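Both complexes below contain subunit A, partnered by subunit B and then by subunit C.
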Partner chain A sequence: MLMYVAKRLLALIPLLFAVSVVIFSILHLTPGDPARAMLGAKASAAQVDALRERLGLNEPLIIQYFQWVADALRGDLGDSIFLRKSVVAAISDNVQPTMQLALLAIIFALVISIPFGTLAARYRGGVLDQTVNGFTLIGLAVPSFVLGLLLILLFGVWLRVLPVSGYTNPFEDFGRGMDSLLLPALALGATISAYITRTTRAAVLDVLNAEYIDAARSRGVGERRLLFSHTLKNAGLPILTVVGLTFGALVTGAAVIETIFNIPGLGSLLIQAIPRRDYAVIQGVVLLVTVVFLLVNLLVDILYGFIDPRVRLAKSGGK
Partner chain B sequence: MLDQLSTPSTSIVQVQNEKRPSLFSRMIRTPGIVVGAIGLFLIALLAFAVPPLAHLDPYAVDPMSRLQGSSAGHILGTDTFGRDLLARILSGAQTSLVVGFLVALVSGVFGTVIGVVAAFNSVLDQILMRFCDGLMAIPAILLAVALAAALGPSTTNLIIALTVVYTPYLARLVRSRAIAVKSEAFVEASLSGGARPWHVILRHVLPNTMSVIVVQSTFTFAESVIVEAALSFLGAGVPAPTASWGNILYDGKSVVASAPQMVVFTSLILVITILLLNVLGDGLRDLVDRRAQRHIAHFSIFGIGRKRRTAKKGGAA
Partner chain C sequence: MTSSPLNIENLAITIAEGDDAVEAVKSMSLDLAAGEVLALVGESGSGKTITARAVLGLLPARASTKGVILINGISVLEATPEQGRKVRGEHAAMIFQEPSTALNPVFTIGWQMSEGLRAHGISDVRERRRRSIELLTAVGIPSPETRIDDYPHQFSGGQKQRIVIAMALALRPAVIIADEPTTALDVTVQAEILDLLRRCRDELGASILLITHNMGVVADLADRVAVMYQGELVEVAPVEELFASPREQYTQDLLAAVPRLGAEPREARDEGIGDVVYEAENLDIVYSGGFRQKPFHAVHGVSFTVRRGEVFGLVGESGSGKSTIGRSIVGLAPVSGGSAKLLGSDLRHARGAELRELRRRVGFVFQDPASSFNSLMTVGECIEEPMRIHRAGSRQVRERRVNELLDAVQLPRSMAFRHPYELSGGQRQRVGLARALVLDPEFLVADEPTSALDVSVQARVLEIFNELQRDLGFGCLFISHDLAVVEMLSDRIGVLQSGRLVEAGTASEVLQYPKEAYTRRLIAAVPVPDPKVQRARRPPTTPGKQPLVQGRLFQ
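The block that comes next holds the complex of A and B.
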């Protein structure tokens, strides 16, 4: 097991290297002088030179890259000249609403998708299955920000039951906080639930066809217990993988949703940085989210190996 | 020599084809393909043929009639600047279809070239695939936002950014498919008979990869339409005054209470377009050979493209 974890961790290193090269290149893709682009056409040549010096843009590219990586490894992602604080401080100020939103959204998604996906597989081809399939097909075609706008129209404008904008921390005022997060989390969770429902259905179908289910049934295990205990437990692995993989969609989806509902999260931080060309913030947020995304998937991989010995044997000692 | 050896391989393919009905008749018997293709054709027709015929101008500003409901002059009403909403939505459809199509086409071409090169050259394979991994590890919308921000706001730059985002998925797909085809007996026979790699690529690899490229490109089209709308909505995509569904939704958001038609109609056509593209892609995928299907990665928006690679790499390690 330790070998397996070590191998997965080692495999992450070349990937992180590739990711860092890509993110670093993005800044240097900018046509012209990034310092000039940040300051605008009105800035004097002296100001641009000063910023170039401050950002280290006068060094050779390769030095700049290693400087950036060394700083990032020490936990220093640079400073935002617009926010007048370090990128790390800006991220930690904005990370909480995003995490709450993502967590609530994944809870919504699981509550919707696990029962419906399981029942759709159980009653394959029936009315329920076809209804669920129809909804997932539509769900996959509705981007979360479009659903967010429609929810604002329905609940905020027509029914007037929920706030359509703003954020209250649920840890300070639970009721108002949940009210402010309910619509965005629903918009975000619904799209993801379409995907998880499909995976759940396919995974449960796979297990239902397995011989050990027939064996359990012949031993007299009740249908309900068979479905929710025997089947769902074994179908849990692919579902777990997909939940890990949707993390990227959750955070990027949150970025868009936050701007609709005026929630001061990572997404808002990123989007505000674009017109200002605040490259340090853009690089920092993209790097952080990607690293967390990779770590979440690594964690899922490790959990997978922990739950199912076949996986870790196939991956570490198979050959 | 070369002809003798490659003859059996093509005859095998022909025998298989004779057993099955022709591709066209299988396509018209797949409901998803028929519905998707006809629906998308109608949307394209609406987008490109109606505005010139009905003299709809998406840029004609009329400040006296802002945010009006539907009327004889403006079938879907007007937007925040008094522009005709139908004209804006149809013009936005042009933007979405052109962006989606070009991204699918260009990433398809680049992905094919990179994938084939990687499959046939082991040194370049390492470099190219590591770079692709790095690109694919970053969630799609995030990478598109960062690239669009670095390149600056313009439709061309948006197409470049989305192409960079989606090319690695195509390259991975083509590479794994090309390696699979390369190890088929008829290709090994051809190679050992002295066929040049170029001959193998053009004669065997590309024809046997085309189907999965088409399917993957259909999904790329669908995702590009979503990401284009999302980026334009966020102000990092198509810049105003060019019409885009994302721009219209952004303008519509601030007036959602007084002029809900902006959000409602734009959302409707956006969702229908993506639905049709997904249905078309699913239908096409069902026609593709089962062995090839597993290489196709849908929903790279969710980061799903990575999953199979990790599983495969783990299995081989």
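The block that comes next holds the complex of A and C.
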């Protein structure tokens, strides 16, 4: 198992290299002079030159790249000229709400989708299956920001049970914090849960048709145990894959949701940085999000190994 | 209530398909006596498997039943789900055809065995484990104390089937249903599993309903035989009587179609045999095995030749490398060492135009006719595809050629406009043969072309193949695990074991006077489709074997 994890970790290195090249080029793919673009048309030539010097733009490209990677490895992602603080500081000020939001959304999504997906597969074609299917269609079709606005209208404006916007850290005030995160997490989780429900249903259906389920049934194993103990572990593989992949959708979704609910997270930071052409912040946030995405999918790979012994104990051979 | 453990009376099963309903089983009555092995034989679609599933209450929801099934006096078709669940495992259990799909890949075998015991009220975990270990010992799994925590993929096919049998035996049910229990196994492993099943009957007194299409297996194991045809029982008779004097025409045809070793070997001949079309010399084939995986050495230093007009039969058990050699000829497996000369060109170094030209002159028939056609293409398009790929002939020429070939494989010309899935297995494999012959190849590779077919269908396909080979005079590499089939078709035979050619010679040399112990073992393991002969040549149960009943198990 340790070997397997080590192998997966090693496989990350070339990926990270590719990612770093892409993110590094964000700055250099801008048309014209990035320093000019950052400072705007009104800046003087001296100001632009000074910024070019500060950003190291006068060095050869390859040197700039290695400089950037070396800095990034040391934890220095440059400074934001607009925020007047380092990118690392800006990110660490904003990372907590986003992480809480993402985690809550995924938990919320899993809690609805796994049981409903499983039951929909078990009672395929029945009323429950059709209802679940209908809801997943709605979930896929309605963008999360529309759902977010509807939720604000319902719970915030009409029922007045939850705040319409704003953010309180649940680690400081748990009740108010959860209140502030509940609606955005619901809005964000709904779309993802539609994906996961559909995958769960398909995966469970697949496994239920497998002969080993019939074989277990032929030995007298009861239906409920067949469904929840024998089937779900096998179905876990495709479900996990989708969970890992939706993590990307989660982060982009968070950017929109945070803006609607006025939550000071990474999404908001990014949304502010883009029109300002605050390249250092954009690079920093994209880098962080990419690395987190890779790590989540690494975790998925490792969990794969836990679920499926053939992955973990892979020997040579096999056809 | 009767004393026999399984009692089927006027069973009828209808399966709904859309608005239609198919009568899978029409009014069938059958009794299984205590300690008896009753073979249920018939072609695919005859209703034998669905009958077996009905006995265990495992029919799909679309099926509706009439009649009565009694297991130990319990009416299965009228049972509540909970009663049905209790019957399964406790009174009746099932052994499946494909042991690798009958075991859940993500749980240890110990867990899976224990689930069956748990379902029948054995709540103590240690007790379940102890019993599971005893069961594994009984069916002959070495060091069961540690292997119980292994996963299915860590066992061989034969071991997996032993484990499935152990699970079926767990609560010592009166009735065991074995659905093609040896079809997926090699012949030497098959002999071991048949021996184990026999001991289940002799030592545990279990009654076995054996579903199979293999008459050799029937002759080896069954006491009585029930023959099914299109959902009806056509004949039930004691095994010796059935083989000696089958009453019904259908049974006679079925028995006549069974290929028998030594029955009709292809006569030796020299005429029509021409130059060498394929020559392997010290052929090595290594699969490189992907990123950071060990390469797999599939074929070691194999040498043989095939001449024009000659059929070279390649036999061996699964994993012996026989298919790999066949695939290497058409470029689906790499030639890694030694040399392989096809029609005068070296396969190892042939590239580009030379390779394309070679492929034009070689045909390939795949094993499974169901999966080797693109189901979006019509039969005609499938057959003419090689011509289109090699830009041979105008549309009219291709059309004419398709018709010629449909005639040659004795299918109506109108078939050209049908789709492969509308055809039966035998018809599809004839189309496969037509496709392989469309470019008039000088050499044909046939990889287990009939092993997915019923015996009666197989006989017809082999006959057509034989005729065409004589008429067209192509050289052929015929790959099969079935010695009787190979004997019928081949001029010469090579025997492969673990990637090495252990013996080669004319068909009669190899099969009648085998020199190698391995070849002899292979021949001895093939059950003869004649109960008297088979009983005489069956090796006595090896002394020193663990008895099935032992310890506190089954008490």
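As a working rule, the second predicted complex is superposed on the first by the 308 of 319 C-alpha atoms of A that agree within 3 Å, B and C clash if a C-alpha of one lies under 4 Å from a C-alpha of the other, contacts with A are read in each partner's own complex, and residues count from 1 in each chain.
Please note the rule applied: a contact is a pair of C-beta atoms (placed from the backbone, for glycine too) under 8 Å apart; a residue touches a chain by one contact, two chains touch by 3 or more.
Since this is a predicted model, take the numbers as computed values, not measurements.
Within the superposed three-chain model, A:297 lies in touch with subunit B and out of touch with subunit C [touch as defined at top]. Using the contact criterion defined above for the overlaid structures, shared-chain residue A:286 touches subunit B, although it does not reach subunit C. More residues of subunit A lie in touch with B than with the remaining chain of the pair subunit B and subunit C. Judged by the touch definition given at the top, the superposed model places A:146 against subunit B, while subunit C stays out of reach. In the superposition on chain A, A:222 contacts subunit C only, with no contact to subunit B. Of the two partner chains placed by the overlay, only subunit B lies in contact with A:157; subunit C stays clear of it. Where the contact sets of subunit A with subunit B and with subunit C meet, they give residues 7, 314. Subunit B meets subunit A in the complex at residues 130-131, 133-135, 137-143, 145-152, 226, 229-230, 233-236, 249, 252-253, 256-257, 260, 263-264, 267, 270-272, 274-275, 278-279, 299, 301-304, 306-307, 310, 313-315, 317.
Every residue of subunit A that touches subunit B in the complex is listed here, in rising order: 7, 11, 14-15, 17-23, 26-27, 29-31, 37, 137-138, 140-143, 145-146, 149-150, 152-153, 157, 192, 195, 241-242, 245-249, 251-253, 255-256, 259-260, 270-271, 273-275, 277, 279, 282-283, 285-286, 289-290, 293-294, 297, 301, 314-315, 318-319. Listed in rising order, the residues of subunit C touching subunit A in the complex are 56, 58, 81, 85-90, 93-94, 96, 98, 101-107, 112, 115-116, 118-120, 151, 153-154, 164, 167-168, 170, 289, 292-296.
Contacts from subunit A toward subunit C in the complex involve residues 7, 210-223, 225, 229-230, 233-234, 307-310, 313-314, 316-317.
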